[in-house]
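In what comes next, subunit A is part of two complexes: it sits with subunit B in the first one and with subunit C in the second one.
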Partner chain A sequence: MNKFKNILPPILSIILAFAVGAIILLLSNFNPIESYKSLFNGAFGSAYGFSETLVKMIPILTIALGTSVAFKAQLWNIGGNGQYTLGCISTLIVCVYLPAPMWLKLVIALLLSILVGMIFGGLLGLAKAKLNANEVITTLMFDYIIALFLSFLVYGPLMDPDGHNFPQSKLIEKEVLFDKLMVGTRLHSGLFLALFLVILLFFFWKTKEGFRIKMIGANPNVAKLSGISVNLQIMLTMGISCAFAAIAGYIDVLGIHGRLQDNIAGTLGSVAIVVALLGNLNPIGIIFSAFFFSALTVGGQCMQRFMGVPYSLVTIIQALVIVFVVASKIIVEKRSKK
Partner chain B sequence: MNAIEMRSITKRFGSLIANNNIDFTLKKQSIHALLGENGAGKTTLMNQLFGLSIADEGSILVEGKPFKLEHSPQDSMKKGISMVHQHFMLIKNMSVCENIMLANEDENFPLLNPKQTKERIIQLSKKYHLGVDPNSIIDHISVGQQQRVEILAALYKETKTLILDEPTAVLTPEEVEDLFLILKELKRNGKSIIIITHHLNEIMDIADEVSVLRNGDLIGSTPINEKTSTKELSRLMVGRDVNFNFKKEKTNSIEKVLEIKNLSYKKEHVKLLDNINFNIKKGEIFVIAGVDGNGQKELCETIVGLNKCENGSIFLNQKDITKTNVNHRIKNGISYIPQDRQKSGLVMNWSISDNLILKTYERSPISNKFFVSTKEAQNQATRMIKKFNIKSQDNNDRANQLSGGNQQKVILAREMDRGPALLIASHPTRGLDVGAMEYVRNQMLELRNKGGSVLLISADLEEVFQIADRIAVIFKGKLMGILQPNCGVAKIGRLMAGLDEEEINE
Partner chain C sequence: MSSSFIISLLVGTLRTSIPIILAALGQVYVHKSGTLDLSVEGTMIFSCLMSFIAAALTKSLTFALIIGGVSGLCYSFIMAHLTVNLKSNQVISGTALTMLATGLSSYLYRVVFGIRSLPPIIENFKPINFGFLTKIPFIGPILFNHNFTFYFMLLLVIITWFIMDKTSYGLKIKAVGEFPRAADSKGIEVNKIRFQSILIGGLYSGFAGASMSLGYMNTYTDQMIAGRGFIAIAVVVFARWLPIRVLFAALLFGFANTLQMRLQSIGVAVPIQLLQALPYILTVVVLLGVSKYVKFPSYFTQAYSRDKK
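After this line comes the complex of A and B, so read on.
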């Protein structure tokens, strides 16, 4: 009964969002049924479409897992983009410039991404704990700083000398990149790493450390009286949260990009926030919501191509889902208080 | 004609009667004090007058004219009634003038007139010696000045009756003197004032009349004059027959479980604990009695390990724990029932079973090297719910679905089940119904009889006399004396009011 109660609001929200989307389609003289059919076919109708949905899901899922860790502790890390980019940069530097055997490059790049994420998050956590620097502002501001740093790198020291002055880095050697899972698609073995992280996080919440993070989020006063160092936990939580996003960067660079390019993160970070919330901050829930959002993205592009429906409709549906999820949470909370 | 008359006011919250058939009369141009312990119903009564809550029964007259029970604060202000709350309702990053304009938007609607507002502020400030500068930002002025801004805001609305809810709780002694001068000036200018307090000496200083509330009942009203004594007031506040025959063989242990030496604690340069010395022996209930806000909370939090003390040392079972953290102290047998169970005692939207393991989740059998076992937590919960008689439908009921008494039992279960060497309980029975109250007291006695020690913070003298082995009285962060429970109510009342001091030999 309890589980059903948790799943119902997001599902109802999605249905409602599509219903409102249909009205908008009607008003703009599109056939909603045909449009939605095209959206569905785009995401699931072909092997290639489906593989693209999975490819897009990997970074969204991984960043959203990290976001959910911070959110559980009531820390609003909204800088997924910047942290993802840090992972991308670390990975590229190791894989292109470190003279080492292939397998070692993979391991070192992963460890470095995690380390950079942990340190970055830990410092933001320290600023929050000691100086009361609001993490919403620090994480968001660092998004810009890191994005500009990335521009500096790809226009400057890391620019590919044979790249005709394109703002991009050298390519990583083919042998280092992740294997493709299906011929003719971009789906790569990074998917398994992402799914492994889901399992890891699922069990993390059952550990003592997971319990502490939940406690500082639920009531910091009680946490203090229970012998927990809240400041240390804030640093740890931010560190873990940022490390997930950095791993997402690692996976994407080795799985699809193969190099650094300007604005590599796109809108992944903001989508991940929504995905984490829609998934109820639960690792398993986040798989479903990440899958849903990436299907919307892939299908929406298809709908635009074949039906002429502007891609912004997808953005509208995404936004409506958020509005309804937030609204339903408030309603449920009010009810349970009575 | 009286400024305010409240007749037969009754207010219930569920089964709790917060105000029981109370008559209250405020004479014009006088200062009337409402005296009573926390939870006695003082603020509730005033909230009904001001319109923040609605009385169930009774009637209210303002200057002889009936005023409907169901009214809003806006209605009250139109009738000339204003209230200064304990927590100020000012916007911190705005100036005094802006705050006043915000509360008087309709003055020049739709425009504002800062010049005129400032002039009136200066004029009022001069008339009543408030010393308020209309241009200063609220965040930059002292708490005492903020309070005067609140008073000025009321005067700005041409208030006739001013209600002050524990106005001195946040002030330094000098600021209290200033406030009292202002209140006397207001009275001289024809205002009527109600002041909620539980400090006896303040009443003697300033009030013309006092009404004493206890557990929702009006105990009596009396004018203050040369004949009134604080002794009489303390008897009014404590008043009831105290039941001395609760217990229990005497403890003879000399083994010290807790020893506090020269403990001092400062917060933002204010000395909240001043050279405190006492010890608690094995199998003893040591009570710290006193009016709220005299350092009890700080003392508890310092012993628990939340505050770093400035001076002095704390010994637990002869071991110096002054420098250790909260976690270390929990593991060495200190349990704590905080005063505010909803804010500091429980995670309200967590299940009972999760709340029960907050302090033991790291230990076997609830967790192994890495994982917290949900199953074992459930087993423990089932056992503790039974042992401590917590009334719930299910282990997974959330804490906010429980009644106050059962919430307290969850905390009690968590803190007692570990078999603590020392239980610190801060107002553990406050706000509970009689049954739960008795249960909590019995649990503390049982712990004592089994050889545990209890440090009980209480303002409820009945409770103090029922279960204490020794009683210390705290006043302004200092221990005024350590007494035996047969010392008598009057003696304790005097110490609580800071009128007397005993030699402490420990």
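After this line comes the complex of A and C, so read on.
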């Protein structure tokens, strides 16, 4: 019964969001049934479509796991895009410019991505803990700053000399890139890494450290009284949260991009927020919601191509889902007054 | 540095500050009443488009400006309902509403204008000529050669200062943000005042969005607001919620933005992207520098309900 109670509001929110989407479609002279059919077919109608849904799910899932860590501690890290981009940049630099054997490149790139994410998040956490700087604004501003930094890199120092002045970096050698799982699709072995992270996070919540993070979210005063260093926990939480997004960048560069290009993150960061919330900040819940929203993304592109429905309808539906979820009070505000 | 460069820098600073000041002024009410409204960015995007559509259809800029304000006000109804009535988490509600407005505006724009090779443009507000005032050397071109949105903004600075500092309504707003329980016991309807504050904030954000498409530019693009709503939130904290200070705090950001554009156009040997990042870097620096030392309203981000302790 309890399980059912948890799952009902997200499902209702999705249905409501699609219903409002249908009204918007009707008002703008599109056939909602045909449009949604095209959306569904795009995501599930063919083996390729389905594989794309899985491909797009990988970064959404990984970033959302990170988002959920921060949200559990009532820290609102909404800069997934920037942190993902940091992972992409670190990975590319190691894999293209470091003279090392292939396996070592993979390991160093992963470690560097995690490190960069941890340091970046740790610093933002420090700014929050010591200087009271609102993490919503700082993480968001860094989205812009990092996106511009990436743009600077691909137009400048990292531009591919043989790339006919396209704003992109050199390609990583084929041997280093992740293996494809199915011929004719882009599905790659990074999927297993993402799923491994889900399991890791699932067990992390059962550890002492996981408990501390939940505790500073639930009640920072009690946490402090029981001897937890709240400032240190804020830094750690933000660090872990950002590291997940950076790993997502690592996976995507080695799995699908193979290089850096301008605006590499797209709208992944904001989708991840929706996914984390809809998954009720629970690793298993997040798998389902990541799969669902990835399907929506893939299907939405198909709907735009075949029905002429602007892709932004998907953004509208995503945002509406959160609006309905918060309205149904899934996210219970527990933080007490300081 | 030639005087014409300095003049163009100062004029640009004032011009680029207008939307940030307008949005930040609105947030004075919202923050003071105890709400963190992250939907400002979205409200600006939405009203920017609505006022642009109004201007394109009716050719009346005054009407379009009003439409901008009204659509901002209407949009913020959702934020007010979610956070005040339903007591939802303010950060999540605001973020979701910004996302919703981003999607909705992008969708509406494509539905209304279709896909064109050339973007539609409108006649925007032209600089007002004040006759001899405009001719005063140095001061004339800097202060007396702006379009209507600039003087409208100055008027709102004064109105906001007056309401917040000189009226009992302003006092009520501060009371519900500082000590809602006491305010409640004095017969002030806490949630009603908070609700209204968010609507006023929406009205101002609406004007801010409209000033982008009607004054700053003459067209609409999806990325036009580019974080100005969030910058406005940093500005209002930096200005310690004082309307007159908002004016000057926002000028700093206008200056950063104008400086990067002018430096680009004279071809400084610094990469464009790093110059473009200047306003965002400044926002972070300011937040890091002042957040610890300003006194946030005591019940900032706390929902109020009588039966909660």
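In this section, the second predicted complex is superposed on the first by the 329 of 338 C-alpha atoms of A that agree within 3 Å, B and C clash if a C-alpha of one lies under 4 Å from a C-alpha of the other, contacts with A are read in each partner's own complex, and residues count from 1 in each chain.
By our rule, a residue touches a chain if its C-beta (ideal position, glycine included) is under 8 Å from a C-beta of that chain, and two chains touch if they have at least 3 such contacts.
None of these values were measured; they are calculated from a predicted model.
Aligning the two structures on subunit A places subunit B and subunit C in clashing positions. Judged by the touch definition given at the top, the superposed model places A:Ala327 against subunit C, while subunit B stays out of reach. Look at A:Asn221: by the touch rule set out above, it reaches subunit B but stays clear of subunit C. Counting residues of subunit A touched by each partner, subunit B versus subunit C, the larger count belongs to C.
When both complexes are overlaid on chain A, the residue A:Ala133 reaches subunit C alone and has no touch with subunit B. In the superposition on chain A, no contact is made by A:Ile256 with either subunit B or subunit C.
Within the superposed three-chain model, A:Gly156 lies in touch with subunit C and out of touch with subunit B [touch as defined at top]. When the shared chain is aligned, subunit C comes close enough to touch A:Thr315, but subunit B does not. In the superposition on chain A, contact of A:Leu148 is made with subunit C only, not with subunit B. Stretch 93-101 is the one among 93-101, 255-263 or 417-425 where subunit B clashes with subunit C after the superposition on chain A.
Subunit A residues 337 lie at the interface with subunit B in one structure and with subunit C in the other. Those residues of subunit A whose C-beta lies close enough to touch subunit C in the complex are 24, 28, 76, 78, 127, 130-134, 136-138, 140-142, 144-145, 148-149, 151-152, 155-156, 270, 273-274, 277, 310, 312-316, 318-320, 322-323, 326-327, 329, 331, 333, 337. Interface of subunit A with subunit B (complex): residues 2, 203, 206-208, 210-211, 215, 218-219, 221-222, 224-229, 336-337. By the touch criterion given at the top, residues 36, 38, 78, 82, 86-89, 91-93, 95-97, 99-100, 102-104, 106-107, 110-111, 226-227, 230, 233-234, 237, 271-274, 276-277, 280-281, 283-284, 287-289, 291-292, 299, 302-303 of subunit C touch subunit A in their complex. Listing the residues of subunit B that touch subunit A in their complex gives 304, 306, 325-331, 336, 338, 343-350, 358-359, 361-362, 367, 370-372, 374, 396, 398, 400.
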